[in-house]
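Chain lettering (A, B, C, D, E, F, G and H) follows the sequence in which the chains are written, and residue indices restart at 1 in each chain.
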Amino acid sequence: MSIEELLERYTRRDKLPHIWCPGCGNGIIMGAVIRALDQAGVDQKKTVIVSGIGCSSRAPGYMKFDTLHTTHGRALAYATGVKLARPELKVVVLTGDGDCAAIGGNHLIHAARRNIDLTVVVFNNDIYGMTGGQYSPLTPQGSYATTAPYGTVDRNFDLCELVKAAGGTYVARGTTYHTRMLIDLISAGLGHKGFSFIEVVSQCPMYYGRKNKLASAVAMLEWQKEHAVPVKAAAKLTPEQLKGKFVIGELHREEAPEYTEVYAEVVARARGEEK
Amino acid sequence: MSIEELLERYTRRDKLPHIWCPGCGNGIIMGAVIRALDQAGVDQKKTVIVSGIGCSSRAPGYMKFDTLHTTHGRALAYATGVKLARPELKVVVLTGDGDCAAIGGNHLIHAARRNIDLTVVVFNNDIYGMTGGQYSPLTPQGSYATTAPYGTVDRNFDLCELVKAAGGTYVARGTTYHTRMLIDLISAGLGHKGFSFIEVVSQCPMYYGRKNKLASAVAMLEWQKEHAVPVKAAAKLTPEQLKGKFVIGELHREEAPEYTEVYAEVVARARGEEK
Amino acid sequence: MEKAPGVITVNEKWCKGCGICIAFCPAKVFTAREDGKPVVTNPDACTRCGLCELRCPDFAISLGGKSHGE
Amino acid sequence: MEKAPGVITVNEKWCKGCGICIAFCPAKVFTAREDGKPVVTNPDACTRCGLCELRCPDFAISLGGKSHGE
Amino acid sequence: MANDRRAQLLSGNEACVRGALAAGVRFFAGYPITPSTEIAEGLAAALPKVGGTFIQMEDEIASMGAVIGASLAGVKAMTATSGPGFSLKQENIGFAAMAEVPCVIVDVQRYGPSTGLPTSPAQGDIMQARWGTHGDHPIIALMPASVRETFDLTVEAFNLAEELRTPVILLLDEIVGHMRERVELPPDESVHVVNRTKPVEDPETFQPYKPGPNLVPPMPAFGDGYHFHVTGLAHDESGFPTGRGQDADRLVRRLHAKIQNRKPPVARAEEWQLEDAEIVVVAAGSVARSARAAVREARVRGIKAGLLRPITAWPFPENEVREAARRAAAMIVPELNLGQIVREVERVSGGETKIVPLNRIDAELITPAEILERIQEVAAHVD
Amino acid sequence: MANDRRAQLLSGNEACVRGALAAGVRFFAGYPITPSTEIAEGLAAALPKVGGTFIQMEDEIASMGAVIGASLAGVKAMTATSGPGFSLKQENIGFAAMAEVPCVIVDVQRYGPSTGLPTSPAQGDIMQARWGTHGDHPIIALMPASVRETFDLTVEAFNLAEELRTPVILLLDEIVGHMRERVELPPDESVHVVNRTKPVEDPETFQPYKPGPNLVPPMPAFGDGYHFHVTGLAHDESGFPTGRGQDADRLVRRLHAKIQNRKPPVARAEEWQLEDAEIVVVAAGSVARSARAAVREARVRGIKAGLLRPITAWPFPENEVREAARRAAAMIVPELNLGQIVREVERVSGGETKIVPLNRIDAELITPAEILERIQEVAAHVD
Amino acid sequence: MSTTEVRLSGFGGQGLITAGIILAEAAILDGKNAVQSQSYGPEARGGASKAEVIISDGDIEYPKVGDADVFLAMSQAACDKYAKALRPSGVLIVDTDHVKNVPAFSGKTYSVPITKIAVRETGKELVANIVALGVLVGLTGLVSREALETAVLDRVPPKTKDLNKQALAAGFAAAEEILGKEGE
Amino acid sequence: MSTTEVRLSGFGGQGLITAGIILAEAAILDGKNAVQSQSYGPEARGGASKAEVIISDGDIEYPKVGDADVFLAMSQAACDKYAKALRPSGVLIVDTDHVKNVPAFSGKTYSVPITKIAVRETGKELVANIVALGVLVGLTGLVSREALETAVLDRVPPKTKDLNKQALAAGFAAAEEILGKEGE
């Protein structure tokens, strides 16, 4: 599909151009999500996009689906309600690193634990964009932020590890630089039955970049290119060689009973129906 | 130290006997914590015990320390404030599986991420005791509870895995049956610099037991005895052999910079002091 | 509650009769009363392993004497 | 925005001049204007890899024509 | 009348479950907390039987979020909690008000502040029900005084929520929630049930926040093909944020007006022996039971007492109270708190009558005798 | 006066940071949210320099919890937030009230409900500040109208918190928080600072919740060797829960009384041109600035107008308002909400005067001209 | 309008809450009004337990029992605590197995070995609450015996119906025996 | 009591917020009262940007600028939006590099190639805001030049002091040139 057709079909064109800063990764990820939805062949009428609060969480407003812009950190809780009430809907959650991993961390691990069929795409720009550059739980330790004028003290999560340990059954990491791979990863997540999670390493040139000597979006994508190691290549490297790098690709996949399906069995049991 | 001396020194004797039901594991764990504090030689005057809300979270009320019984799920947040304000204090958190892993799950993973020097003991009785037997995120899937009359749909966390993935640097699991090992595990946690976490598999005969055909505390301890596999023994078993069992002992330990120590460096830097 | 060093005592006021001490004493030192509370019926078998003390949820058993098994 | 199939067009209203397309075009098809926005100065080099379209954060580049690289 | 099988013994919490089912609830998300837990437990058993969904979420915030999500997906949804959980739900209740998502929130009030006395009665959350979330949000809160009324007002809570697209709070107190009493429930078929109005417009031209004649916008469900946007940001009729103050003004004023202007009025009170009453007792929830007994006894003793019982805590039955204040020599306001309803009585009565608070916060229900005593004291000074 | 180096240009949020430092703050835990974030950012830079601690927690609930923990550990502690975060903090604010933990919570009000207009001004959280948490909790809330007053009231917030062992809310609005104006700040040494009273009793006999002469119990810090217990359950003087209603009653009444009975009164208002005022404008925060300009202009035009500016939103300056109501022909209450302060004015004025609300919720500050116009309208009807 | 206030108290696990519910349900079956309430809280688990029932021909407004007309005490602690809250003309029923000191009292006092009867007649201490109901209704005639039996059988698990029937009969029998003796 | 209301508007990144703060600080250095406020929100990032300053000898109550006395427009959009909110006797200063259509207006209008001057005189577009301040103060005398220079140097990073001094001087020069011409 040409970009024109994609925009026509999947976006609310009258809302564009979007509010994001020049070079912001949000647009790239939103483009990738749209292409992945197209690639995975989801039914647009039966797809709901849910987000929290943040620059990234504004994405659903540009997307021609049923869209739900919730409260900060709570996208997964709302999405759980949507999915449980109508399991036939495809529910996609777009969220920022702060939204998802700071205030929303509990909903993240519990949704993963339940293995409920949601596809979560985290716009990880390592910073709080919307509020002007405070550190997030994914900000690399030692980085600068408006609330960390002496460098962050906090260690950062490996969010993919966390989601895996919590019970997520599809876990992947992509970047805005590796855009084609990103589309494939999201598309695979959409195809997976159960809780699928894609962390996207992205860029906020406005705040993270400025504070941390990454002068432009271009510099930040260069950084991604240099530090991302595909999962296959990573397998061949020692921990020392991987130090300071991060792994991209599909990191974990397992088959497990999905929440709404197990719940359907409960309903059958309660009604005394055979299953 | 004899039990009499232990009680005299470390408990508020006038508050005993405690309110817990016959055979409840809470008393066993509280006894183990007291013995571990003694064994680890902590300074009683400089030790603060913090809890949330639940049957288990009543434990600090019986302990002769500075004690803080907070709101449901928030013990770790309060404890973080105590520790940051006075890093010289030893801060121990006693919490239930619901308190810690349901409503308190976010504080758990973030405290672990920060590697702040707290020792957390989870009284895991697989159920909400205080409110009368609802399921928790640690209730094994398929169990019965007052809110799961058809058996639970939710998968349960492996909480130790989760804490490890979040960044905890000492992670262990014990049981109320293996009481001596439990004391050693807690004592080791108290000695560890950084975030230490001990999950204790315990029993609520009143609710979990009754609902799930474990008729008595004795039957529940028998179950523990039969299903717990020490970490060394587990290493020799295949995943199939481990199915339905759980591993006890020290599961993870690593050395990493502790939060208040790193923060002290920030202070030094901000004041332009040498470090 | 009377207590002499080295003598097993049960604090009846605190004991709730859960039966843990009785069931898991390796030396079978206790027997259950009608109300489930333990009676020390076999004191000589006691190896002073201390498990009953450690496992009693109600701090109701004392082996008497000093630290044991620590 | 004029567009013909197979012709690279830049939507100037949407483009914010971030420079990503210019920097990462493998064929160096673009050059930057004064305001940072891309000008197609080397259209013949274009391999139709589609990366500029995929990476433009502002949906401002169109390669024209149908699906590419998919 | 022996073996009367239509009558049964039910608690308020159980009646709430029955009312919700009669109203057509199909989704419950909650988190256990005394004294509300029986509502969750009842629905955990009942919902699967009607093909609905019960979920115990990780906390109250998530529960409230899930309820909103489910409602947007087209089903009638509710949650139940008590004080501490009610505090936690507030942010998302504000979202439901702003985005106009029908839902029912039950708060079975217990003794506070903080953990307080978790199993003891109080009426300390009345003001919180109105003002608990930030910003100028509208709210409806209903306060039943009996088990049967709990059934009825649960149904009404759903009906108002669906009709007006707004969160509705059912404000029980521990006594009403836990006491069991004899009730006869109507057969489900005879219960009046309101369902939300769905849009008829074409999805292409549909404006999801364009109000209907009653100021309420028709509401599609997710998956109906409308591709609409829902946000807690101030938005215009299209549902999208504009950042413009005038749009926000129009929206927030409408949110209040749809409740304020509704016909018949949402605000409502029960009046008993009020026609000639010189002393009016204003009491709600469990306390109204004692008040009624006291008023009856006062009448026996020749005192012209009457009862005004707010059924809606919010909107507060201002007209009824104002009217009664105009006629009464005094109003006695017994409450299980340090004075919440009395503030509204003071506010709307405009100095027309003497107002006497009667507060008890020792975890016991105010007795008829206490109220009677106060009535007698006041009566002694009235003439 | 050229090169006047004592004077400087500061925003309200910056002045809050300076005030906190002057008052001796040593701990801040928060979570970013517009329009309060500059307070966190300022303290992130400043606290390490004085050996204090700044932490950005995972959310507002955790921030409030950490603040309480830090305060119990003996340091002066605060947090800052706006509407949505204020809603989330409510449960733990109730804990601080119940367990008597001194702390300061800044709420820089923004346009609500829900996400609303995140960067636009409003005064929609005034009632929430009083009633946001469940149960009958006491609270103090201060509402500065200028940058200098923000400094002063931040200091006072800490002083009251420490003196009375209670959470104190500093209720800014976006305009006061963000506007920069000329201020001269006093040197830190000259700022009056109150520190909590420590116990002198022997730890063995110490009763941590036994009130002192001002009804406030002396407060040890964790680590001081007192081995005391702190809980959000209702408790007796020993600090332990008893489950007894009488103990709860005694506790909760004292919590209110210590604030209500304090000498001089906590409740306070600024009165300007009030002596002979026939028309009184009651306004707080940024709106009071417009009100003052309007009153001045009205006087120029020969109308006897006056300004009554609540400095404490809570306790509400009831006596001052009641007194003014008795003398005034009318009271005009301009607010950036749909009517919150006006409810209190209505409540306490007991029908003594005509009350005219003036509300704006289109994200703009009410102008002096609007208030003047209302004054003139009212004046035309007064005689 | 006749109203009777009943208080049942003992310790947790004796089933007195259930007994209270059954009593109220029996009253409803008899066409009367009934309200039941109980004490909640940690003490309900293991510690003290209390159920209150008001039975009336008319409306029941205040739902709490003040001074009771009938008080069943199944523990010494409960007896000590609530004996004072009994109308002078009321009825006190104590389980002699748990209440050793029976307070002096102006109304009627019946001392019945309720728990012992349960064990003796059914082999199960568990059904002492049902025995107690039989005794209470047998002595006071508060509700009809038929309604009580129906209410008991409606509440208890199907498998235990016979057991509970036995227990109830034993209670009625004990009451008759006492009344018979009184008649002597 | 003399009060002047100033509005500075353009797009995000032009540094007009900083300019507003500096202007207010200069007024304070002159011993006057000053209030500064600005527009927040997403539009402040990239989109429109607005700073308002009120300078007065007396108290400043209402802190917002209604109709301005002085309006600096550094974008066409800003000029279009706020030109109406200018007192009839006010002063309009436009950056001709960004504002092509200058609205007709009863007061004084000064069209100055501010951005071009910045680039020409310092090589850095970045300091157009400081040039603008020089122009504005040079034309209006709102604050003293000394105070303005002190305020500028207090705010800017140490390394850029010379650059900003240059920019300010260029602004003053441009203003003088205009006034000189006017005088002709």
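Criterion: a residue touches a chain if its C-beta (ideal position, glycine included) is under 8 Å from a C-beta of that chain, and two chains touch if they have at least 3 such contacts.
Remember, it's a predicted structure, so these values are computed and weren't measured experimentally.
Asker: So if I look at the partners of chain D and the partners of chain G, which chains show up in both lists?
Answerer: none
Asker: From the centre of chain A, which chain's CA centre is farthest?
Answerer: G
Asker: For chain C and chain F, what's the span in angstrom between their mean Cα positions?
Answerer: Centre-to-centre distance between chain C and chain F: 58 Å.
Asker: Hey, how far is the Cα centre of chain A from the one of chain B, in Å?
Answerer: Taking the average C-alpha coordinate of chain A and of chain B, the gap between them is 32 Å.
Asker: Counting only Cα atoms for the centres, state how far chain A is from chain E in Å.
Answerer: Distance between chain centres: 38 Å.
Asker: Let me have the rounded angstrom distance from the C-alpha centre of chain C over to the C-alpha centre of chain D, please.
Answerer: Inter-chain centre distance comes to 82 Å.
Asker: Mind pulling the residue numbers of chain D that touch at least two other chains?
Answerer: Residues 16 of chain D each touch two or more of the other chains.
Asker: Scan chain H for residues touching two or more other chains and write them down.
Answerer: Expected reply: 41-43, 46.
Asker: If you look at chain E, which of its residues touch at least two other chains?
Answerer: 34, 45, 48, 58-59, 61, 84, 91, 95, 114-115, 118, 120, 231-233, 243, 364
Asker: Which positions of chain A touch chain B when the two form their complex?
Answerer: 102-103, 105-106, 109-110, 113-115, 137, 150-151, 153-158, 161-162, 164-167, 256, 259, 262-263, 266, 269-270
Asker: Which bits of chain E are touching chain B when the two form their complex?
Answerer: Of all residues in chain E, those touching chain B are 31-34, 37, 40-41, 44-45, 48, 54, 56, 58-60, 84, 114-115.
Asker: Chain E touches which residues of chain B in the complex?
Answerer: Going through chain B, the ones touching chain E are 53, 71-73, 102-103, 105, 128, 130-132, 134-135, 137, 146-150, 154.
Asker: Quick check on the complex: what are the chain E residues that touch chain A?
Answerer: For this pair, the touching residues of chain E are 26-27, 29, 45, 48-49, 51, 53, 55, 57-59, 61-75, 77, 91-92, 95, 221-223, 225-233, 240-241.
Asker: Within their complex, state which residues of chain E touch chain F.
Answerer: 61, 82-84, 86-88, 90-91, 94-95, 97-99, 109, 111-118, 120, 122, 124-125, 127-128, 130-137, 231-234, 243, 245-246, 248-249, 252-253, 256, 337-338, 340, 343, 346-352, 361-364
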